[in-house]
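Report on the structure given below.
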Amino acid sequence: MAQLIDDDPRIIEFDVRTDEMLVNMGPQHPSTHGVLRLVLRTDGEIVSEVEPHIGYLHRCAEKIGENLTARQWIPYTDRMDYLAAMNMNLGWSLAVEKLMQYQVSERARHLRVLIAEMGRIASHLVGMGAYGLDLGTFSPFLYAFREREKILDLFEEACGARLTYSYITVGGLTADLPPGWLRKCEEFLDQFEPVIQEYHALLTTNAIFVKRTAAIGVMSPELAIEYGCSGPVLRGSGVDQDMRRDGESIYTAMYDGYAFEVAVMKNGHYPRDHAYPPVPSDTVIGDCWHRFFVRMLEVVQSMDLVRQAIDRYSACKGPLGEPVKLTEKIPAGDAYLETECPKGQMGFYLVSDGSAIPWRVRARSSSFSNLAVTHELCRGCLIADVPAIVGSLDIVMGEIDR
Amino acid sequence: MMTTVLASVMPVAAINWHSVLFLLFAAVACACAVAVVLAENVVRMAFYLVLSLAATAGLFFLAGAEFVGAMQLMIYVGGTLVLLVFGVMLTAQAPFVAIKTSSSDRVLAGMVGAALLAVLLQAAFRVEPWRRPATAAVAAPAATPIGMALLGVRADEPAAGVPAAAVRSGYLLPFEIVSIHLLVVLVGAAYLARAKRRRTPRAIDVAASSVGPVVTARQAARSSASALVSGGGR
Amino acid sequence: MSLLAAGLPVAAVPLVAGLLSSPVGVAHYLVVGAILFTAGVVCMALKRNALGVLMGIELVLNGANVNFVAFSSPYLRGEGAASLGLDGQIIALFVILLAAAEAAVALAITLNFYNNHATVDIDRAEDLKG
Amino acid sequence: MADFLINTVGLPEWLAWTITAFVAAALILNVIAGGALVFIWAERKIAARIQDRLGPTRTGGRFGWLQSLADGIKLLAKEDLMPEGADGMLFRLAPYISFCASFCAFIALPFAFDFVGQRLNVGVFFVVAVLGLEVFGVILAGYASASKWSLFGAMREAAQVVSYEVPLGMCVVVPVMLAGSMDLVTIAEKQAGWITNWYLFHDPFTFVIFWVYVTCAVASVNRAPFDLAEAESELVAGFHTEYSGLRWSFFFMAEYGSMFLVSALAALLFLGGWNGPIPVATLAGLSEGTGDTANYFVRLIGCGNLLLKATLGVLLMMWVRWTLPRLRIDQVMTTCLKYCTPIAAAMFAGAMLWQLAFPGGVVRGLSRPAGEIREGWLEGPGGLSPGRREPVPQVGAAGGMESQEVVQVVP
């Protein structure tokens, strides 16, 4: 047992002797993002321990993957992070392509960037809106969904589905974009850009929002790395890592020639931060506010990438190329690839014995690692902070439970 | 405004609504007071007490003491009892919700209570015979004279048969004393119920690996302390 | 009301009817005050829960308050009877205020006791016993 | 109305008064219940418009007028559940306590000069005090539900409401001080005339304290951003987590009733009550001595005025609710103890000094003799305002159930 000193921060002050209470938050709870169950050990309003219980959405996705061909498993990846299914498709496709040493066409590469970044915007919109909901404001949620709907409309036009796309697939994409799609996409971006200022006004700079998020759930960079956090959660703690820049070559090659700055605070500044509201003085790097703000920045960053991708895609005159056959044999061996999904680094691992059906399939979920850190972040916080902290991690249970 | 019109009704009234309301409030007040004694569960006791005191406030309104009635509702029912219920909830753990009293105690208390009640009732009936109320019109009750009296100026008419100088003293000094008293109580209650430090075993076991929880724990503790102080100060 | 009537013998019904139609005097209030006071005293004596005792005190104070207000009421005063005038109301006000203060301190003490002894049973408060 | 029953129908007088009282009570009840229906519909539509949606569009025509009625029918038909471990009696009683508190406060709330259930000498305090009782229903509901979330909600409510009563009381005292009366009718009458007579514009301190009052009022009726007792993202639904059907709807009606009540109180205390910004009636020569019908008409307009102001207040609360995130419990307490209370106290002192220096307010007070108001204190309840009119007994809404309370003096 650790030695106690008087100003030991782990000593919790109390007013009245109260018994510890176990409170079940979820799996049916308005703010646990799906079927997450958090068991809170509370002392009055103060939470002393949070234990996430997961598995309510387990669907044996990995095992199913060992009974299907690589392309047949694509729809199952849709259902992992169902808020960013395009990025899931991409991750699995790239992992399989890595093992197959497959090179997609230039046109397909730019189209993938375009679609993946649109998917990132759509996912961050949900994360942002739902975070507002966690903090008790309903309207930004609907403003976010209003814009997301437009992205989903675009996706629907491209691939026929609004949620589970199976659009990006092994060897390219299932279809090319319909005529006029790019124009609509540009229209959307032009219209969306000023809307972001609304979000900043309603959430980012709102005094109550800042009060609720600043210096809450502060995660040090070391803690984030220890727990394997990734994505905006990691960057919110000031760790400069983004798979799109630091990942494996097969993934970074996709973004070859694209100009983007990783949304992370360096020397007290975010990239291009003159364009955004100033960082409130009471925030601490690594708190909920920064995690949220990184997401907001990434939306802008993704918009920028989409614009670049539109230019490059329309400049590409070559064919899109056909995806591989459904029953394409995968060479024996194994491959692991992590991609930068909206929620974090999503890794897919497959082992092949040379047949069309992978011998082993595993997924490394970013939300899983991000969720694991909740018990560290929530210790000693108030009950009201638990949704704020869990919401700022932006988890999606489909990916955690698989 | 209905007062005057209503008053003219009284001599021929089949039902005296004032009496009806009085009996209603009195019955609620007495029944709930008895229920407080009989109830085992402390939360229910608090509930009955609330009803009893609220009904008493109704009695005050009926007696023309509107300001006292409103104060009873505001301070007693709205403040003190909320505080009491707060305390009940803070300490209401299963074993203490109902602390049993032995039956011999009950019998003894019942006898003492009955004796006391008998004495008091006898006094009640002897102090004032069941007298009809005054027939003279009475000015509408006002809070202003009370306020003036608290400031040391008496604006009400002197009681019959009592020399004016004898009773018409103001209440400025008691008022000030009570103010100071309340301040002292505020400070004292806040001090008694102040936040104390406790070592939570669970927090000890975990190695301090981050700075994060520290901030939040401090804030949280401070905040809930202030929450309690605010309740205690009331 | 109906409960009361039903519980009593039939002979009591005219009494209730009489109460309903006749005006209320000071004595009515004094009876209510007496019942509240007695209930409070019994409550204080009987309850072992510290908060129960507190509630008894509140009842006692209220019973006294009823008397003060009744004696000061301009409506209830008999002809020629001595009246407390405003003093009764003001004293009642002071009682209410002091009861609030008393409750705050008593509650703080109770919570302190609870912190130290993990109970609110006043029979267990015997630290100072010689 | 009682006169009508006595003289025309020939009923015994006590019966006539009883009927009148019950009619008045029913009127007030309908104001609450009907008001709640309208406000729920309005909240749906406003929330929808704020959020770029349409809201109800089908039930009862294009604008979904009947949506709240449909909701009510649904609630009636819902299964009435009670948790197994619940304290049955308290669980059943709690919603009614909340509702009754909200309802009782309406007794002393004047809608126009004598559209008032019972004109109480201490009307302001009565309303504030009874409003504070609503918290008991919530606390009991939270405790009796045998649910941890409900208990959390109840504890938060208890702490919050008790704390916010302090600054709220201070805010309310300022108009009381200016008017020299706690009678709501008198307070409102003193603000008759042009908009400059409203206590909101009386002096800088009252202007500030009005906004403190708005903050505290929102907090004391548990609306966002202070809706911690039912914070849905934290406590599921807080104190009414375990409630369903009709009982739940009673909590809802109590909430909307209280919202209306604090808004109406704000209108009475600061915004001139039933007096419009321009004394139209006086300018048109409708005020006094023009007959009962004209008087009645003036009062109806005044009633409309007050309802309009109160409704605007409710709409403001809705607007705030659909815009702002929720505060945390400690921040709610901080807002109360560190901001609202000191500001209210300072403004109270300021208004007092201002009253000493320039009695009567910025605009009309500077030219008035300083002693007038202080002398008025001794003249009787509330002093005498210049515009005071004699009551008209036959107004229907006048005379609440409690009107007989203070009456037993035989002439």
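Read from first to last, the chains carry the letters A, B, C and D; within each, the first residue is number 1.
In this section, contacts are C-beta pairs under 8 Å (C-beta built on N, C-alpha and C of every residue); 3 or more make two chains touch, one makes a residue touch a chain.
On a predicted model such as this, the values are computed, not experimentally measured, just so you know.
Hopping across touching chains, the smallest step count from chain B to chain C is 1.
Of all chains, A has its CA centroid at the greatest distance from the CA centroid of chain C. Centre-to-centre separation of chain A and chain D, using mean CA positions: 47 Å. Each chain gets one centre point, the mean of its Cα atoms, and the points for chain C and chain D are 31 Å apart.
The distance from the centre of chain A to the centre of chain C, with each centre set as the mean of the Cα atoms, comes to 64 Å.
Chain geometry summary: the mean Cα position of chain A and that of chain B are 56 Å apart. Shown for chain C are the residues in touch with two or more other chains, namely 23-24, 75, 111, 114-115. Multi-chain contact residues of chain D (touching two or more other chains) are listed as 155, 328-331, 406, 408-409.
In chain A, the residues that touch at least two other chains are 15-17, 45, 382, 385.
Chain C makes touch with chain B in their complex at residues 1, 4, 19-43, 45-49, 51-52, 54-56, 58-59, 62, 65-66, 69-70, 72-87, 89-90, 92-94, 96-101, 103-105, 107-112, 114-115, 119-121.
Those residues of chain B that touch chain C in the complex are listed here as 10, 13-16, 18-20, 22-24, 26-27, 29-30, 33-34, 36-37, 42, 45-46, 49, 52-53, 56, 59-60, 62-65, 67-68, 71-72, 75-76, 79-81, 83-84, 86-88, 90-91, 95-96, 99-101, 105-106, 109-110, 112-113, 116-117, 120-121, 123-125, 127-135, 138-139, 141, 145-146, 149-150, 154, 156-162, 167, 171, 174, 178, 181-182, 185-186, 188-189, 192-193, 196, 232-234.
Chain D makes touch with chain B in their complex at residues 2-3, 12-15, 17-18, 87, 89-90, 93, 114, 119-122, 125-126, 128-130, 132-133, 135-136, 139-140, 143, 151, 154-155, 158-159, 161-163, 165-166, 169, 180-182, 328-331, 333-334, 336-337, 377-378, 380-382, 391, 393, 398-399, 402-411.
Per the touch definition, chain D reaches chain A in the complex via residues 47, 50-53, 148-149, 152, 155-156, 224-225, 227-228, 231-236, 322-331.
The part of chain B that touches chain D in the complex is made up of residues 1-18, 21, 41, 43-44, 47, 50, 54, 58, 61-62, 64, 66-67, 69-71, 73-74, 77-79, 81-83, 85-86, 89, 92, 133-144, 148, 155, 219-220, 222-224, 226-228, 230-231, 234.
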